[in-house]
Amino acid sequence: KQLWTKKDFISSLPKRTPFSHKGSFGKGILAAGSSNMPGACALAAKAALTSGIGLLSLYVPESIKPIIASHVAEAMYVSGDIDWNMYDGIAIGPGIGRTASAEALLHDVLAQAEKPLLIDADGLYHLKHYLPLLKNKPSPVILTPHPGEMARLTGLSVKEVENDRFSIASQFAKEYQVYLILKGKYTIVTAPDGMQAVNPTGNPALAKGGTGDVLSGMILAFMLQHHQLFPAICNAVYLHGAVSDQLVSKGHSQMDVTASDIINGIPMVLHDFESDTVC
Amino acid sequence: KQLWTKKDFISSLPKRTPFSHKGSFGKGILAAGSSNMPGACALAAKAALTSGIGLLSLYVPESIKPIIASHVAEAMYVSGDIDWNMYDGIAIGPGIGRTASAEALLHDVLAQAEKPLLIDADGLYHLKHYLPLLKNKPSPVILTPHPGEMARLTGLSVKEVENDRFSIASQFAKEYQVYLILKGKYTIVTAPDGMQAVNPTGNPALAKGGTGDVLSGMILAFMLQHHQLFPAICNAVYLHGAVSDQLVSKGHSQMDVTASDIINGIPMVLHDFESDTVC
Amino acid sequence: KQLWTKKDFISSLPKRTPFSHKGSFGKGILAAGSSNMPGACALAAKAALTSGIGLLSLYVPESIKPIIASHVAEAMYVSGDIDWNMYDGIAIGPGIGRTASAEALLHDVLAQAEKPLLIDADGLYHLKHYLPLLKNKPSPVILTPHPGEMARLTGLSVKEVENDRFSIASQFAKEYQVYLILKGKYTIVTAPDGMQAVNPTGNPALAKGGTGDVLSGMILAFMLQHHQLFPAICNAVYLHGAVSDQLVSKGHSQMDVTASDIINGIPMVLHDFESDTVC
Amino acid sequence: KQLWTKKDFISSLPKRTPFSHKGSFGKGILAAGSSNMPGACALAAKAALTSGIGLLSLYVPESIKPIIASHVAEAMYVSGDIDWNMYDGIAIGPGIGRTASAEALLHDVLAQAEKPLLIDADGLYHLKHYLPLLKNKPSPVILTPHPGEMARLTGLSVKEVENDRFSIASQFAKEYQVYLILKGKYTIVTAPDGMQAVNPTGNPALAKGGTGDVLSGMILAFMLQHHQLFPAICNAVYLHGAVSDQLVSKGHSQMDVTASDIINGIPMVLHDFESDTVC
């Protein structure tokens, strides 16, 4: 178990080389959003772009494209039967809903994916039925449950999860060979080999609808830009919390911060961290 | 009668505990907006989220979902026959219109609700026909009339209302057992037992379309975060006015402030108040 | 002929009294926008709200409501056969297009209106055919032509208009009994009695599509808040130019300023003017 | 070969004369966007307006007009069979897609255009089949390939292009009589006579989807405001990179900058350059 510190963040955050181009920072795809939760996709997409992804394609229901495109001008759209492995990384889940078609989509992606795959939110809801598929996957899978979702995935109660966060996370990550982000006051990141890091950033400003969608977008972006997944995930979680901490100290309160504010606060924090590196 | 002061605000505003999550701050539902007044819902929703609500679901006509979602990415949508008591609190009224279907919706919610229920704007218009339903409600109801709406509810003239604000408000609140917010230069909050507080904040910058919708959203959010309704309501009214006062002193005039500006000014004021608490 | 100065602006800008409400600052209606020019309505509407109008209703084609509502949450919508005199003031023209239906709308409004009526942009295009209707109108009409539109209205060439701005404006205003705003480097405001004021503010940053729509919205708002039309119009023109001047001196250049920037700059300028008044 | 410096930028950037109007700064048309890439058009349009274009018309699929109009209120829309030469300049390509109808549009514009014509992105993809049409065009054509697109246009590999950027650009520009912007760490602008300038600004913050669309909009605006095309293009490229450099030094990092941020940063940089001129 390690505490993931600002020093870890700064030393493992990749630097951009002058001769890079948009392909250098990853082509990601995000399957998110539904008629009743269109904003979840908009938040995750905007977060991914603000976190440095090179190119982002969105797989969303046709009907909500205008909503998402009004929030994010930089993304592209794909639909129908696509080859999920054309992309460098995949994220699925935010706001996809608990319908049969969302479940079919999760199953389809899970079965096909040979690239790093992040499953979040309603994706975790459907994953419950497909846990065995995780065991034989050669490509990495990242799960981001909050305690309620973790309880559902494990069959435990929320209380049981909360009382033994480290070992339950460790056991699950090793059994299913996944990267597991168990959210909470101190979010725990666990690697498939059982390595764990605890995140020190964040505050109750994050206890609001949409902040999880933002984290998904950030992880997608970071997993395409880091050489290794473990620091990529730890850094996304760290940054997500660090932004909320900065906002509360600069012009916001824990009450008012929205998920959109978290996205808009990313530049300030990354800028400050970069300045720290130089000094 | 009491003057609700900054000290009252600061001492009664709930503090967030570190081990909270989005469920800790309430699951609210807002029925608002219509084809001709889509913005009313967007304003109330955004205000609720910026005022700390944990999760917000919107009950709106299908056709205006894209409009609202372009303003607020953090809300979810529900429709059809729903169980209004699945939520911790309900707000209805802003921009729902004066149609028969809006009236039916108000009636339906009023009849079913067993959770704190805020009725505003066009909701108050329709309420006129259902006043008797208020008397036997075990769960609290909050009404937010301006003098014109109060006149309609009571059958008095606007002048009569204005000439005797305190006692008319008190009488009505006690008779119908409601929390009553009688708007005006000095907004009066009255509890069902007749307790009254006068709000000292606010200025003519608030005399513009949409500011009432913003207040509705703020009350919804606060009623889910405070332990008691009376200070929750007083605090929302206080904050709403305090933001308009701050804006006018910082870069705005009474002429230019819009309802959206009020929402955007909430963080600054809450941040300043929080700093005051610490000092 | 008078130069309209900052002193004139400050002394004639109405002050808000504490016991005002949204009705105190006017209920205006704006007929603007079309399928190919939806933004013109959004700009005029946002400008009117930022310039202090109490309540704003928009008369627009159904198909573009979502576009406008994504820009402006504070406006309401009306359609069909309406009573234009239900409002305290009317503006028509920005982006309505040069179609037969737009012409019919202009004619309809012109024939019915008994409240102050502003005609701008494509409204002026159609007005060419209805000039005689202006002569017998008991309620005031305001026209806002740029030199090209003035040429069309008078049958002169643009050059002829430009060579004799003061007397052509004066003659036209007196003949048709209108308030005339002849745009240009020094915009001239002429009253029906021939009184003229020259505006000293503004710069080439305003030479961009959409800035005229913003001015229309500002005039509509000001004509509902001032006791007299002449200073209302002069103040709107003055403020419009003053904002562009301030923007160029604070973080912008003449090249980059957009019509939206003008709207967003209104608060800063009004705030500064208000501070000046106090000192 | 020349290095395009800040001094070149400042001395060749046109100054606005007081007696200008929106027609003075060009009427441009932009054909961009498609169902799967609506944002590309929004970004290019907003960039053109922020870069000083006088009037901007957009030629886009009907279905995405609401998306674009929610981002840009200042543009107008045209459709169907239009006369491309009614405009002072034309840009085609960002986000038009690789469909047959997009190809037909490119061909149509290319065949008709007698005004300066910028071809970018998917426009370059389709241009591959129509290269011979370039040779006999009396009006100027501007191409903006990144190395991958240059490779496709020339039939070379990306590596071959990268190993010999200057001479390949020069040869192509002279053969097809075009202005060629070969993107990269040091973007090279080549005139039809072989004159070349190297751009010193920019950093890896630009390596993200959408930044090319922004550049297209900037070039369209600048080519309508400069007397000569070569400095117009060099200035657009210079400004595009200079904004990214400023952002990274002021509150952003190379990771977080989005294409929208580039647009929003234009005013700051132009303002600073204008201040430099004065000093």
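Think of it as A, B, C and D in the order they're written, each chain with its own count starting at 1.
Simple rule for what comes next: contacts are C-beta pairs under 8 Å (C-beta built on N, C-alpha and C of every residue); 3 or more make two chains touch, one makes a residue touch a chain.
Since this is a predicted model, take the numbers as computed values, not measurements.
Colleague: Determine the set of chains touching subunit C that also touch subunit D.
Modeller: Chains touching both subunit C and subunit D: none.
Colleague: With one step meaning two chains touch, work out the least steps from subunit A to subunit C.
Modeller: The distance in steps between these two chains is 2.
Colleague: From the C-alpha centres, identify the chain that is farthest from subunit D.
Modeller: B
Colleague: With touch defined as above, tell me whether subunit A and subunit B contact each other through largely the same residue numbers, more than half shared, or through different ones.
Modeller: Counting shared over all numbers used gives less than one half: different.
Colleague: Once you find the CA centre of subunit A and the CA centre of subunit D, what distance in Å lies between them?
Modeller: Their C-alpha centroids are separated by 34 Å.
Colleague: Subunit B to subunit D: how many Å between their CA centres?
Modeller: Here subunit B and subunit D have centroids separated by 49 Å.
Colleague: Which subunit C residues sit where two or more other chains touch them?
Modeller: In subunit C, 66, 70 touch at least two other chains.
Colleague: By the touch definition up top, name every chain pair that qualifies.
Modeller: A-B, A-D, B-C, C-D
Colleague: Across the complex, what residues on subunit C touch subunit D?
Modeller: 35-40, 42-43, 64, 66-67, 70-71, 146-147, 184-185, 203-205, 207-211, 248, 251-261
Colleague: State the interface residues of subunit C toward subunit B in the complex, per the touch definition above.
Modeller: Residues 13, 16-22, 24-25, 49-56, 65-66, 69-70, 72-79, 225, 266-268, 270-271, 273-274 of subunit C touch subunit B in their complex.
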